[in-house]
Amino acid sequence: MPVALENLNAMNAAEFAAALGDIYEYAPWVAEQVAARRPFATLAALHDAMQAVVRGAGADRQLALVRAHPDLAGKAARAGTLTAESTAEQTSAGLERLSEDEYRTFHRLNGDYRRQFGVPFIVCVRRHTKGSILRQFAQRLRNDAAAERDAALSEIFRIAALRLDQRVSAPDRLPVHGHLSTHVLDTQGGTPAAGIAVDLVEIATPSNIRIVAGALTNRDGRTDQPLISGRPIPIGTYELRFAVGAYFAERGVPPADPAFLDLVPMRFSVAEPEGRYHVPLLVSPWSYTTYRGS
Amino acid sequence: MPVALENLNAMNAAEFAAALGDIYEYAPWVAEQVAARRPFATLAALHDAMQAVVRGAGADRQLALVRAHPDLAGKAARAGTLTAESTAEQTSAGLERLSEDEYRTFHRLNGDYRRQFGVPFIVCVRRHTKGSILRQFAQRLRNDAAAERDAALSEIFRIAALRLDQRVSAPDRLPVHGHLSTHVLDTQGGTPAAGIAVDLVEIATPSNIRIVAGALTNRDGRTDQPLISGRPIPIGTYELRFAVGAYFAERGVPPADPAFLDLVPMRFSVAEPEGRYHVPLLVSPWSYTTYRGS
Amino acid sequence: MPVALENLNAMNAAEFAAALGDIYEYAPWVAEQVAARRPFATLAALHDAMQAVVRGAGADRQLALVRAHPDLAGKAARAGTLTAESTAEQTSAGLERLSEDEYRTFHRLNGDYRRQFGVPFIVCVRRHTKGSILRQFAQRLRNDAAAERDAALSEIFRIAALRLDQRVSAPDRLPVHGHLSTHVLDTQGGTPAAGIAVDLVEIATPSNIRIVAGALTNRDGRTDQPLISGRPIPIGTYELRFAVGAYFAERGVPPADPAFLDLVPMRFSVAEPEGRYHVPLLVSPWSYTTYRGS
Amino acid sequence: MPVALENLNAMNAAEFAAALGDIYEYAPWVAEQVAARRPFATLAALHDAMQAVVRGAGADRQLALVRAHPDLAGKAARAGTLTAESTAEQTSAGLERLSEDEYRTFHRLNGDYRRQFGVPFIVCVRRHTKGSILRQFAQRLRNDAAAERDAALSEIFRIAALRLDQRVSAPDRLPVHGHLSTHVLDTQGGTPAAGIAVDLVEIATPSNIRIVAGALTNRDGRTDQPLISGRPIPIGTYELRFAVGAYFAERGVPPADPAFLDLVPMRFSVAEPEGRYHVPLLVSPWSYTTYRGS
């Protein structure tokens, strides 16, 4: 249950610090220091204030904050000694379900990073899939120490923003949500295509895929809810799969057996987890058009 | 090495019968009987004459012809005692590489069919994939005896036509060839898309796929050769996979990282093995159109 | 200024009859008879009640109602003696701006119709263009007397519904409004196409066209307002004209001089004046897709 | 009737010079000087040799050659005293059918050009429409004298190439031909669209259009001949007009009345007269895609 911003504003300082003490990992002092700056009219103002506390803290304290973060898919995760927040986050990217090979890769990269920068590797995993985390390792291992310090802080702020956005209900939301939706038009009938089953599949590798969401199109050819909303869309590769064969068969389209188009796959990648991805399909029994819409 | 039709016309009767004795399975009498009707001006005329011999043979002889065919993926295949022609044909549909489960399914269906019709199940396997053969079993088990006798003869004629077309060189070809090709247009540049890697994949099941053909597009956005030609396209489901990400990356398209479109899959099914399937792709970095063309 | 439904409900009977006396042409008795059935919770209920009065009136009264309507583009229109409502309606279809040829055509068809059915030809002109009115004449002259009586009443009800919808403000609207909108996507950039000038042109004949609406696309690639809404879309042929050349030129698209695509015309016809016509354009400098969307 | 290259090679020098004396306007010396370089294996070699003669002539002779050209739409054209070749060329761009306004514009621009450069304005009119000639005036009036001398010579060589290509039959053709074709696919039926009437219209201004070519699509959805081939495509704006309404009506497409799509216009501009413009249409009753193909 989220706590209302107005309630946070009304708490005494200790209650407030307790409520938001884990927004920054093992760093309750961040919440403690912003307590006096209340009331906050918006969630954005609260987030900015907490960010300002971290930015204003000395280098030692920032370093301690970075060091307090656990390894990704590391020993603490295996031992079950992560904070509740970290556990949920690492689970979101499937880091608790690694194969032995993947585990070894993460272990090696964690080690490389620690040797190079002396701290754990931090990334906002809710914005990522396993594959994009591995690419992040590769990119950030090429940073110099100063750039990497900035990168780690940026990721810490992203983690905090997502935690705050889930923890607190407020008139505003933080800009941490992506949107992934579709729309199917029947260009043979000139109407929305209703009743088409659509699956959204995440494609880690050609042989490692999982269904992320599924829905039926409604009378307007859309799904009642976006396929993803209210959270970041993890950077990665996806496939929308549209079951158009059954749709046209029901409409008595002259049969090729099997039908030329049955399951239509649209494969695309997400680069902006907070972006709007609207991916329509204009489809006849023999042709289709698909694109990034708006 | 094919034999020229004019040479067949010039042979003595025994040589001729030897050359074409195995066009009909274990039925050299078909070739023997057409020897006297030479010369044949075209391959079509030769094929028609052999067909006429079979149609004109008595019911007993036709039945013997049907019975002479081996089971699909049956004991003879496992034992390696098929005719050379049958071995090559069954291999074309992957019947020599069945899993134990698949083998049991074929074994059961062969048995069902024999019990119902008293003869082996015959299908022109070069026109099929494993999946479409299984659908053929299901459909034909619903036939009555007369309809099924016609169906078996039709398949025997198809087998013979393909064998003749491979065996004999002539001014004409028999209409046993399909055509599968593609064409990639770059709608961002307004030009053919050259240098795009295209794979053609046969999709037996989502987890059982194999690459059938691969090519690079040339300066006109086409592959130098059709992806399939000179043979039937087995009835089944395919995917064309276009590597458009690399193409646009080389052209300095402003980068999304990862690119919105990288590998574009176009999944479609072939219902007419002798048909013309031209499946173009019109693609920009953010959209594409694909269709059955001509 | 529309009058509020609640005010109509509160008036005395004479005021009410005066306020709605001209909803049916020269037939104040319709409003008079529904006054006693007030209050009406919705505009639809008021419209239904007035329709019921007409349907329940005797044949003589219905005939008189039909006869009270003026000819289309007839002498009364030329003499300026139409009711205010009729004048505005005939103007909407351009009937006051007929060429001499067109005037003669209407005159002749009015005469044909009167000779055949003994009454003036009635059509709800706000749902039509000149061309579709002429097609209506042709179709309805083929009706028998009974079918045509029904057709005339249907048109009278449509006229009344539009008059009511304009005259009265209420919580509901009558279903007399069409919707015509567009949306432009830049498939080269993968974004909405902002700042594209769009004209909507009515095409009476190739040489007789007029601009009905014009707008610029906004940041979402849409126009701020639908091109047509809040009224029927007259049955007829239209062209959307998208000035895409300037858009791509500003984005530094490598120049063909002149550009391959400059003004993109999309010609389509409207058959349902109360329908939703959403006609998007997906466009690159070298290609486009357009369709009836939703 | 073209003369064969081999015949030109076999003529005596005087005959040869007579046959090609008017390839360069009022400059028989060009043909005279290449007579001795015969035989020419290809038309390209002959054209190159004649070009080399002009390039190698002194400045005075080149200037005389330029001066020998008539004004576009000038007094000589009105008086009918142009060479036969010039008359045909100016007619191809419609310069003999100018309105008074257009005539005055050309007159003024001819004067501007002569005042600035001291010679007549030369352009290869077969590659142009009236509109693109006017843009040429504007562009070339901004040249300095040296650039403009080169431009005039380039145009003279283009004129000569077109004259040679028409006059002489040879194993090769000069690269002076454009190609404009179309292809209509029915995405509802998954087949080529046969029997669709296609007009090609040149659009000088919205109110000044003329039909350049017309054809019916054949069984493959193409026109039997390209709409333009064997000559340059004049730089300008065109519309392909596809009569798709009749096509779908014949196929019993559920009727909207009038049909959503009837005549589909595709407006585009040609920038390269020697280019290949293949402009297909993929069309259903409710949608279409069109693009520059290959």
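By letter and in written order, the chains are A, B, C and D; residue numbering begins at 1 in each of them.
Keep this in mind: contacts are C-beta pairs under 8 Å (C-beta built on N, C-alpha and C of every residue); 3 or more make two chains touch, one makes a residue touch a chain.
Computed from a predicted structure; not experimentally measured.
Visitor: I need the common contact partners of chain B and chain C, sorted by label.
Guide: A, D
Visitor: Using each chain's Cα centroid, which is most distant from the centroid of chain A?
Guide: D
Visitor: Can you work out the whole-Å distance between the CA centroids of chain A and chain C?
Guide: Roughly 48 Å separates the two chain centres.
Visitor: Averaging only over C-alpha atoms, locate the centres of chain A and chain D and give their separation in whole Å.
Guide: So the centroids are 58 Å from each other.
Visitor: So which bits of chain D are touching at least two other chains?
Guide: Those would be 185, 187, 190, 256, 260, 282, 286-287, 289, 291-292.
Visitor: In the complex formed with chain D, which residues of chain C make contact?
Guide: 132, 207, 235-237, 239, 256-265, 267-269, 271-272, 286-292
Visitor: Could you please specify the touching residues of chain C with respect to chain A in the complex?
Guide: Touching chain A from chain C are residues 183, 185, 187, 190-192, 220-221, 282, 289, 291-294.
Visitor: Which of the residues in chain D end up touching chain A in this complex?
Guide: By the definition above, chain D touches chain A via 185, 187-190, 256, 260, 282, 284-287, 289.
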